[in-house]
Each structure stands twice: as C-alpha cells, then as structure tokens.
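Below you'll find the structures, each written out as structure tokens.
What follows is a pair of complexes built around chain A, which joins chain B in one and chain C in the other.
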Partner chain A sequence: MLTFIRKRSVASLISLVGLVILVFFLSRLTGDPTDLYLPIDATDEMRAQFREIYGLNDPLIVQFGHYVGDLVQLDFGESIRKARPAIDVVLEAFVWTLQLAVITMALVTAAAIVVGSLAAFRVGGFFDRVSGVLSLVAASAPDFWIAIVAIVVFAVGLGWLPTSGTGTPWHWILPIAVLFIRPFGLIVQVVRGSMINALSSAYVKTARAKGIKTRKIIFVHALRNAMLPIITVIGDQAASLLNGAVVIETIFGFPGVGKLMIDSILQRDFTVVLASIMVTALAIFVMNLLIDLAYAALDPRIRH
Partner chain B sequence: MADHLLEVRNLSVEFHTAGGVVKAVNDVSWHVDRRETLAILGESGSGKSVSTAAILDLIDMPPGRITSGEIRFDGRDLLKLGAAERRDINGRRIAMIFQDPLSHLNPVYNVGWQIVETMTAHGQSRAKAQAEALRLVTRVGIPNPAEALRKYPHEFSGGQRQRLMIAMALAMKPDVIIADEPTTALDVTVQAEVLALLKELQGETGMGVVIITHDLGVVAEIADRVVVMNAGEIVESGTTRDVYHNPRHPYTRKLIGAAPGKGEMHAPLSTAEPVLKVRNVMKTYGTFKALDGVGLDLMAGETLAVVGESGSGKSTLARILLRLDEADAGEALWKGRDLFRMSPVELFVLRRDLQMVFQDPTQSLNPRMTVFQLISEAWVIHPEILPKAQWRRRVADLLAQVGLRPEHANRYPHQFSGGQRQRIAIARALALEPELIICDEAVSALDVSVQAQVIDLLNRLRREMGIAFIFIAHDLPVVRDFADHVMVMRKGRVVEYGTVRQVFEAPRDPYTQALLAAGLDPDPDVQAARRAERLSVRA
Partner chain C sequence: MFGKAITGGALLLATSLTPVWAQDNKAVTIVLNEEVDVLEPCMATRSNIGRVILGNVNETLTELDVRGDQGLMPRLAESWEQMEDGSWRFHLRQGVTFSDGSTFDAQDVKHSFDRVFDPTITCEAARYFGGMTVAANVVDDQTIDFVVDPVQPILPLLLSLVTIVPAETPIEFVRDPVGTGPYAVTEWSPGQQIVLTRRDDYWGEAPEVTQATYVVRTDPAVRAAMVEAGEADIAPTISQDDATNTATDIPYLNSETVYLRLDASQAPVNDVRVRRAINMAIDREAFIGTLVPQDALLATAIYPPTTQGWNPDVQVPAYDPEGAKALLEEARADGVPVDTPITIFARTANFPNVTEVMEAIQQMLQEAGFTVELQMVEVAEHEVYYSKPYPTDRGVYIIAAMHDNRMGDPSFSAYFKYHSEGRQSGISDPHVDDLITRASAATGEERNKLWSELQAYVHDEVVADVLLFHMVGFARVAERIDWTPTIATNSQLQLSEIGFKE
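Entry: the complex of A and B
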C-alpha cells in the first residue's frame, strides 16, 4: 500500500513539475503586468520601480529560477493584485470551491445511484425510459445557458433566490443545482449500464435462489460490484469541479478557485495563477488516491 | 396419487426472443421424494435447467413465460404463490447449487457473510447464523474453517468453492437441493469428492436431491432415477440402471453410445525417429514451479495425450512448445532443431507446421470475422501457401473436411453451435497444412454426442493426413479412445508415461491409479462396484 502511494506520488510530482514549467512560461506570454497595474500616466521611473519590486526586469529564466527557489521553501510569492501572499488568496478561494464540489458530488452520487439502479432493474420499463431521456438531456445540456436561464427565472423573475454571491444558504442553491445537472445525467447512464451487467450476473441468480429480498439484491449484491466504473466517472466529474467550475462560478459571482484563476489570468497575476494550479493539482492527486483506495475497499480482488 | 416431496406437472415454458417464440420445455413432468436423487440428463439446449429455474422463480418474465403446468410442493402449487412466499421457500425449503461457483459466489463479499446471509434472510439471528456457518464450513471439509469464513471466493480452489456453495445451500436444512452441473468444471478427483459429500449429506438430512447434468458418469454415480431430456421434452425416464441397460428412446441410445471410453484402444504405430523430442523443460512463475523437468517424444502421425488436473502444468507445456511463453530451461527438438532457440524469422516459418486448437471456440474465434476470413487469415500471413484466387475453393474444401458446408463460409461464429465452432477452429488450424496440432482441452466444453463427432473428425484427419497431435485433456475416457501414448502430469512433473494400454490397464503411479479410480463410468453397475470398493478401502 505504502509503496503504491509512493510510486503514485513520484509520478504525480513529475507531471506537476512539467505543469509548473509550462504555465510559468505560457502565462508570461500574455504580457507585462506593469501596464495593467500602473496608471496610464505613470512615469517610466515608476514603471521601472514596479518591475524591480516584482522581479520583472530579470531575464525569464532567472525569474523562473527565483520562483522555483522560493517554491521549494513553500513560498508561492506575492499576489500583485491583492498585495498578499498568493497562497493565502488561493486557499481562501479553494475552500469555497471544495465545499461546492463536495456538496454537489455527494448529491449527484446519491441521486444517480438510486435512479440508475432502478432504471437497470427493469430495463425497457417505464422508469427506465423516462430516466433515459432525462439523463440524456441532462448530460448534454449546456450549463452556462441553464445557469443564465435559472437566474432569469428563479432570481429575477420569481425572486425566490439571490442572483449571485455568497452569504446565506440560499446563495448556494442555484450554483449547486446547475452544477448538479451534467454529472448527474452522465453518472445515471454509467450506473445503469454497470448495474445491468451486475444484475444479470450469476451471483445475483444465486442471491435470488437464496431468497434474498429484491432491494437487498440491487443495493447490496449488485451495486457493490457495479461501483468500480461508477467511481471512475464520479472521480472524473469531481475533478472537473475541483478545477473550478470557471463558467458557473463566474456567472454566479462565486468566489471559488475557478473565478480566481480567470481573474488572475486577465490581470496577469502570475503567482496566483501558478499557486491555483498547484493547489488544484494537489487536490486532484489526493482525490485520485482516494479513488484507488475506494477500489481496493470495494473489491477484495484488487487488494491482492 | 400419492403426494411427492416436489413434483413438476406438465410444465411448459417459452421464451420470446428476437427470432420468435422458443419453447424451452414442453409438457415436462417429474418428481423427487425424500432421500431420493433424481438426475435430469441432457445436452446443452435440451432445457434441462429450465424446470428447476421455474421452481426457484428464476425465470425472468418477460422474456420467459410459463404457459402451462404446476409445481407441487407441500401440497401447494408454487406457481400460484406470490413473490414473497416464493422468496420464503427459496433457500429455506428448496436450495440450489450452481455450476461454476466462482461466478455464482459474489466476488466482493467474504464467504462467511454470504453463508450467514442465507440464514439471516430467513429470520435467523446473526449470532446463531455465524455459529452455524462455522459448523457448515467445517462439515463440508474446508481447512481452517474460522479463517476461511473471512476469505473471499477467489482465494479458494474450484473444489473448495463448490463445497462452500454446498455449505451455503445446506444452511437452512432444505427439503430439496437442486444441483445444476455441480461438478462440471472440477477435476475428476475433486468431482468424486464433491459427489460423495452430497451423498453423505443426503444421508444425514434425508433431503431430496435433483441433479442436472450432461454426464452419464455422474448419473451412474449418484442418481436413483433419471429423466432424459432432448429439445425441451422428456424422452425417457426410469431408474438409472433401467435406463442405462434398456434404453428405449433412440436419443437415449445415441447418448449412451456416444459415451467415450469403450472403444478399441490404439496401438502406437511405429518406433521411427520422433518428430518432436522435448527434454527437461523447466518453467517457474514467481515461486510456483509450473514445469519441472518435463520431457516427451512424439512420433510423426501419432497422438500423445497429456493428462493432468488443473495446475498440473499441461497447458503451460502447450504454450511453451508453441513459444507463446518462454521456457526457463530445456530443449524441444522439432525435426532436430531446437524450438526454444529459434530466431523470430525461423519461428515464423515454423508456425506453419505447429498449430493449436483451444478449449473454448467462442473465445478463440474473432466474433467480427466471417468463417471465410477466419480460415483464410492464415494465408494472408503466409501468402506462399496458396494464391488468392484459390482461397474460396480451399476454404470450401476445408469446411467439407471438418463436416461443414461451403456456404457456411459467409457466416459469423455466433451463428454456429459449440461443436460447429470447434470444427471451424480445426479447419483454421488445417489451413496451414500443419504436421502437429496441439489441442488444449479441445473437446472438453462440448456435449458428449458432439464430442464424439469431433473426436471422429480428429481421428480421420490423423489417418488421412498423418497429422500428429498433442492432446491435452483432463477427461480420461476421451483420452483412452483417442491417444497412442499417454503422459500423466502432476504439479509440473511427469508421473507416468506409456502406451495408452499400459497406462489404462496397468497404471504404475499411485496418482494415475487415483485418477482412473475417480473417473466415472456411465454404467451404474460398474460405478456401484467401484463405490463398494472405495467404502471397503476406507473401512
């Protein structure tokens, strides 16, 4: 187990290094932050001073050397925009995104498993056909459009919910509901397929011959066997939420890491961009590790 | 009419499929009483499992439909009961043991959980169920029972898994146990043990046993009465001895006639120079010695049977001889040249001479290729054999040779029966005009009557084309009918080697003797005599 985690960590570290290099240089291509932060009538002297403070005068490779040097001491640099350590800015936003992702995925998982399993139980039945159409629509719906329509209807039109921001539990409802739709549609279909397989398996026949109740056959005997592909997709979908649901966070003015990233890129706040990427990469790494552990927990054959 | 323990009366079941309505069983009636064992004998597709599936409410409706009949148990018609009442009977009053326990046990729960579940589902307390599970697992002869309960199905051997399945079925002390091909996937010695265990347990509890099988030997060993099924109907029924000695229906006669192990034994051809000389082959996987100093001689046009139980190394030997896997040491001289040291180019040329036919034609034939593509693929790879213009004709010839029709060339494997698919696999092997064909359990998955036909085909090929065979098998009667020489393997070593007559009539090694003794003869009298002998040895 420990060797497995160690191997995984090394592999992930290598890709993280590649990512940092790539993002560091690519983000510099967007231009010089000096032009954005100083007033148009700033003197050349002021500009030079600004560049000096943020180390923008050095050749790129030297800047990169400084950056990496600081990084190994866990110093992610200063945010130009916020004049605070970049990592603080990122972690603050990340906590928002994490909450949003965890709540959304928990709801998606629970709902998709129930709906998908019931659809698989009577293939071609009424429930299966209804959920098939709905999940297909959900999986292919453009979420930015739904987000805007939802704001128009529920916030502007009916006035039931706030349009954007955070503060009360009411603020969470629309972003979660919109983020819920697509993964839900996708995972229902995966659950259905996987459960059809599991329910037609020989051990389910054994369970029926033993006189086990149908509900237990579905949710105990078949489901645990069907979980592996389901978990894979859940992980995949969760990763895209952790990455910051950029569009949805922006539409709802939700202060998550996705919105932070897009703002920082537009403002050339390079340290924040880099720190965001590293934090989310780490989160995704941890999540993948959890998924592997879940595999092993669910299927004894993987443990050996 | 006296009430039987369990009685199926005039049962008809049909399935609605894309190809139309299929009558799975038609007007089937049988019964079983306490302390009695009934065998339902039939080949694949005969509908032998359908009536028991109906008993346990395992037929999915749709696509299945029970069109007539009743199932009497306890003075009630099971088919008239509601789902909850059926569920209450399943596992408690009537229990089932399936073929292939690996897929019929849930892979993600430990066996203790699965055995306990049978009891808790029928209202027993968990503590009591756990104690009983331990007793059951001990009773069916699993070593370290307490630890075994915490293990998962994949951690047991095939025979142990079947014992666990039996323990699970016995948990509620049912009145009837239905066993569907319970020993089909097991080695002969293990099969004998499992059948003996069932018999013993029947003696202890007085339950009625229904055993579904395609194997006359199993019937002879365990059944009091037998019903013979063909194409969804019962063609004959009676006591086991009666049906074996005085079969009235032509199908029964054909089935009994097809049982292998009664023909004339081959006498080896000559003492010419062997075409294949294998010496001292070693192969280990990790710490497991798969092959430990194996050697053999194969004469041109001769058949060598390699016999052994699972884990004996017989399939590893086949893979190594074909260089599908590499030997750790040893040599294999094919006409004087060492197979193990050939370059890839030499090996490529040699592949023409050495072909293989696998156990499961469903898996070894690509389902998306037509028969023509499957057979002619060999000539795509070895274009020097045959100009393309003649492919069609040659494929037709080959199909005729294996007893299929030329127009079959445009069909896909799934449109054929198991026996026909194996013929296609043989035709494919013949396409390269090989001198040696290695058959790895090539007839094991086939029905007895089909098996006989495939063996006839192989015999003819041997006579007419002089092809040598290495025939890997666990089924001794088939080997007896087909082989010239027999090599018995156990745990990677050759324990006995001789002509078929020597090995079958005067086996020297105790393991060979045990193998032969464990084999089941289709004649119930012979089996009864063997059983008596076994008991006297034990006493």
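Entry: the complex of A and C
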C-alpha cells in the first residue's frame, strides 16, 4: 500500500512540475501586468518603476529561475494586486471552496445513490420515470440562471434566505443547493445504469433466492459492486468543484478559489494564478489518491 | 397539515434570520461591484479603494465640492496661497488627530508625499504629478510649502488626490490604514466584508452614520436584489436593466464620456472633411433613451459639463447624412481615398449595449458612404490600439473608448488626448499644443478662457474625434436612506453625506 502511495506521489510531483513550468510561461504570454495594474494615464516613470519593483524587466528565464528558487523554500511570491503573500490569499480562498465542495459532494453522493438505486430497482416504473426526467433536467440546467432565479424567489420574493454573502449557516443554503443540482442529475444517471447491471447479475438472483430482504440486496450486495464507476464520476465532479465554482462564487459573493483564479488571470497577477493552480492540483491529487484507495477497499482484485 | 408545516417552518426561518439582517438604525451596508484588493491610502484614487477609504478613513488637504459649486474646499488645510516664486504654502488645521491617537502636523503631510513618490512602492496618486518634481518643505507644525517644478497652478486641486497618513507609516502597502477621517477600519475579512466605525474624536462634525459595512458582489442583479431585500442600503452601481424602481433607483452623470478617436495621421481620416462627415453621419439623438440611458447627455467635450472652463457655445454636430455624403464626394473629387476600409475597434463590455451602439454607428457610417468594419476586442487588445505607439499594420482604424475625468479640470484629459505628444492623441496641431501648454500654466479666469477656447477649437476646427455621450450610472438606495449619487460616486462615497429619512 505504501509503495503504491509513494509511486503515485512521485508521478503527481512530476506532473506538478510540468504544470508549473507550463503555467508560468503561458501566463506570461498574456502580456505585461504593468498595463493592467497602472491606469492608462500613468507616467512612463511609474511604469518603469513598477517593472523594476516586480522584476518584470529581467529575461523570462531569469524570472523563472527566481520563482523556482523561492518556490523550493516554499515562498510562492507576493500578489501584485493584494500586496501580500500569494499563498495566504490562495489558502484563504481555498478553505471556502473546500468546504463548499465537501458539503455539496457529500449531499450529492448520498442523495444520488438512494435515488439512483431506487430507480434501478424497478426500471420503467413511476419512480424511475420521474427521477429520470428530473435528473436529466438537473444535469442540463444552466447554473447561473438557477442561481439568479433562486435569489429572486427565495431571498427577494419570499425573504427566507439571504441573497448572497457569508456569515451565517443560512448563507450556505442557496449556493449549496444550486451547486448540488448538476452533479446530482449526472450521478443519479450513473448510479441507475450501474445498478441495473449489478441487479441483473447472478449473485443478486442467488441472494433473492435465499430470501434476503430487498433493501439489503440493493444497498449491500449490488451497490458495493456497482460503486466503481460511480466513484469515478464522483471523483470527476468533485475535482471540478475543487477547481472552484466560478459562477456560483461570483453570483453569491462567495470568496472561493475559482473566482480568485479568474480574477488573477484577468489582472495578470501571476503569483496568485500559479499558487492557486498548485494548491488545487495538490488537492485533486489527494482526492485521486483517496479514490484509488476506495477502489482498492471495494474491490480486492485491485489490491493485488 | 403539510402546508402548515411549511408556513411554520418559513416563519421560524424568517424570525430566526432577523437578527442577521437587523440593522442598528444608523448603521449602513454598502454593496460595491469590485473587489477591494488593498486598503492602501496612497491607492485611494483607484475607485474600488477610494469608495471605501477616501474621505472616510483618510482625508486630503483639499477637497473638490461635487455637490455644490464651491469649487475647491479646505479639508485638512485651512487655507493656502501661492508665493512669489510660484510655490504653494498651506496652513494646516489644528487639533486634528489620527485614529491611532497621534496628532496631525506638517511632518505627516511631508511623509505622505514622500511615500507617494518613493521608488520602492507604486502609489497610484503619483500619476497626477507626471513631469513635475514636488518637494514638501515643513515650515512649522502647522505650515508646509510645496515647491513644484515646473510651477503648478492647480497644485491645490492635485492635493485633493493625496491622502494623508501618519509620519510613522512604513514605506510599504499597509493593511490597516490610519487616517484623520471620521471613520476607522474596525474589520477587514478579505472577500467578505470591510467594516468602518465612526470615531468619537473626529475633528469635524460627527456624521450620522455610526457604522458602515462594505460587501462586494460582482453580479449587478445581486447588488440590486440586496437593496430590495433589505440586506444593503446603497448599491452605487447597478445595471440599467435592473434600474426599474423609480422610488429607489437614481440615475447620475458618472464622469465617463464615450467617444470615437480618429487618427488624423492616416488617409482618408487626415482630411478634415472626412472627419466632419463622420461626425455628421451619426444620429446621436437616436441612441438616447434607446441603447443609451435616457439621462445621458450628448457630448461636446471629452470631459463632463461640470468641468472648469466648460464652453456652453460648442454645439453638437447636427445629424446630416446628406451633408456627410456631399462632403465625402467633395473629398473624393480632390483625390482623397474615401473608400479605404476603416475598422472600428471597440471594447467588449466597455459600457452597457456597447456592441449594439457600435453596430448602429457602423450602419450609419456605411449609409453615408464609408466602408466600415467593426471589431469587438478584449481590454488587453484594445489597449494596443488605444495608446501609443499605434500599430501601423492594422490599416485605418477608429477606436471607440470611454474616458473618465472626474477631477473637474480639463488638464487631466487635454494633454494625453489632444497634445501631439499625448499618449492617446490622434492629432498633431501646433495651436492645440500651444493652448494646452498655456492653459495648464494659467490660473483663474485666464485658465478657464483658454480651456474654453481649446474645447471649441478641437471640436469645431480640428474635429479631432467623434464625441458621443456623457454617460450615466444608476444607484439603488434604500428608502430609509437620504443620499444622492454625484459625478464623483464612481471614485468616492463619503459616509458623512448619508442621512436617514425617518
């Protein structure tokens, strides 16, 4: 097991290094931060001085050398925009994203497995049809529109929930609810498909013949075997949430890493772009590792 | 039964929520549109920062009256005079303290200036002092001299842009600004909120608002919804589409002017008849109340009508497509290549409906006989065309842009928009250069007269550009609040100007 983790870590480290090199040079291609940071009528002295302070006059390769030199000492550099360490800015935002992603995915997983399994149990039945239509609608609904409508209905119209922002548990309800919809729709479909397969297999028939309770057959015998593709999709959806839910963060004024990343790219705040990419990449690596371990736990064949 | 449970739950939810939104009667929440990156006083001329701290936390020596017509008013300076050698002497207010308890004196002013010009940090305020050297010399605790080279007639106005910090402030960006203003920053959770609390030991009259909470929502519909739902009291900018409630939504001239810059170095635009024809071919009136808000004004200068030296006699060019065609024919007869394709470059999301406005202008120009293409570009690409050195391999182009001059003096626009050396100038005219140089150095009536003359000359004789609209913004203000936006609302929002109706 430890060898497995070690191997995966080395592979991930290599891709992280590649990612840093790629993003460093690609982001520089977008242009000089000076033009965006300083107002259009800034004097030439100000421009020259700004480039000097942030080392933008050095050749790219020298800038990269400085960056890597600092990075090995775990110094991610200063954010130009925010005038403080980039890693602080990113971690602050990432904590919000992580909470949002974990809560949403936990709810999605639980709800989707129950609904998908029940739908699979009686294919073509009433529950299956209703959940089929609803999950399709959910999987294809545009989240920015749902978000605005949710604010208009639940915050402005009914006054039940705050429109946006952070501060109390109530503030989490709308963002999570809106974020919930799409992965839920998708995962329900996957659970259903995977469960139909599992339920038609020989061991389920045997279990039935032995007179085991239906609930136990679905949620113990069949589900465990159906879980592998489901976990893959959950991992995929969770990864996109860890990258930040830009639309949701923007509309609800949620200080997450997705919005931070977009803003930093638009403002050419390179250190923040790089730090947020590294942090999210690391998080996705950890998550993939967990998923691999889950595979191994569920399926003894993978363990060997 | 089920219905009852839902209603009950909702009621419970609503009552348990009330404390979250309950406002101390004199506390306000302001919802801004742009993230606040730093709370650094020397960056207060940047709108997102200025709206929070300018005049609230940090004060300036002078202040431009944007509500009345008093012009430049004293703030931390009580009076000032120009000395014989052209330098300026400022007499400072006594009995002023900073929020950290220290006393305000001339050393603080000197340090604030030295900080702005220090080469190790980039302070935005420095941009207004381009081409000048400023030395601040302390005479005594209450008196300070500014020696500016070359002599600067509008130095008192420029000083309305430099915020004063204590002499102990380090030469690096601070996160907890200390100032002499009526409020102090009591909380800043980046990405969530900034809270300013009223000081008890402010030197001036105590404002009504006791506490202000600033939050940021980038989506305009959400900002409007927050005021409607009672979560916020003021949203300084909402979109035109959301401004549907006349009881709360207030339009205001926002100091932005939309125009098309013509590059008079390229044929056929180098011919004044062609530039005139472009101006005559555009039906400006048709946009007002349709694609451009009803309250927008047709522009005759690149700065708003509240600016010093405004010339009321300059007239908007009449819409005359036939006249434009005739002028074009005349130019064609003289061998001017009027059929050369011209590209309009405009910036996506520069202002509401920018694409539609530009498409309409393209259509109008085509009807007058021009060959016009339209390209909408992103901000970074727009900048390539907007500022010198202009690209020479893109053919003949017109750039659509929006210019902001909220400072009340044409000098903040004239040089870089019209001087031969100006970074974004499309013309090169010795008389224009001369007028700008003389006006910039003049004072009082003479100065106003020269700016007036420049406005007419650039507009009527040179026909340097196509001036379109002085734009308006919309603010949504809760009904309990007594506050109106001004031309300066984009850059500052003084809490002391907020009152309560009940």
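Everything below uses one rule, namely that the second predicted complex is superposed on the first by the 298 of 304 C-alpha atoms of A that agree within 3 Å, B and C clash if a C-alpha of one lies under 4 Å from a C-alpha of the other, contacts with A are read in each partner's own complex, and residues count from 1 in each chain.
Assume a contact is a pair of C-beta atoms (placed from the backbone, for glycine too) under 8 Å apart; a residue touches a chain by one contact, two chains touch by 3 or more.
Values in this document were obtained by computation on a predicted structure and should not be read as measured data.
With the two structures aligned on chain A, chain B fits next to chain C without clashing. When the shared chain is aligned, no partner comes close enough to touch A:Ile61: not chain B, not chain C. Applying the stated contact rule after C-alpha superposition, one finds that A:Val10 touches neither chain B nor chain C. In the superposition on chain A, contact of A:Thr30 is made with chain C only, not with chain B. The wider contact with chain A, measured as residues touched, comes from C rather than the other of chain B and chain C.
In the superposed model, A:Pro39 makes contact with chain C only, not with chain B. Using the contact criterion defined above for the overlaid structures, shared-chain residue A:Ala207 touches chain B, although it does not reach chain C.
Residue contacts after overlaying the shared chain place A:Arg81 against chain C, while chain B stays out of touching range.
Contacts of A:Gly167 after superposition on the shared chain: chain C is touched, whereas chain B is not. Once the two complexes are laid on top of each other via chain A, the angle at chain A between chain B and chain C, using C-alpha centres, comes to 160°, given in steps of 10.
Within the superposed three-chain model, A:Ala93 lies in touch with chain C and out of touch with chain B [touch as defined at top]. Once both structures are fitted on chain A, no C-alpha atom of chain B lies closer than 32 Å to one of chain C. In the superposition on the C-alpha atoms of chain A, no part of chain A is touched by chain B in one complex and by chain C in the other.
Chain B meets chain A in the complex at residues 56-58, 87-92, 95-96, 98, 100, 103-110, 117-118, 121-122, 152, 154, 168. Across the complex, chain A meets chain B through its residues 201-203, 205-213, 216, 221, 224-225, 298-301. Of all the residues in chain A, the ones that touch chain C in their complex are 30-31, 35-43, 45-46, 49-50, 52-53, 81-84, 89, 92-93, 96, 148, 151-152, 155-156, 158-168, 170, 250-253, 255, 259, 263. Against chain A, the residues of chain C that register as touching in their complex are 10, 13-14, 17, 20-21, 35, 37-38, 40, 46, 119-122, 124, 126-127, 129-131, 172-173, 175, 190-193, 215-219, 221-222, 225-226, 228-229, 231, 379-380, 383, 386-387, 412, 416, 423-424.
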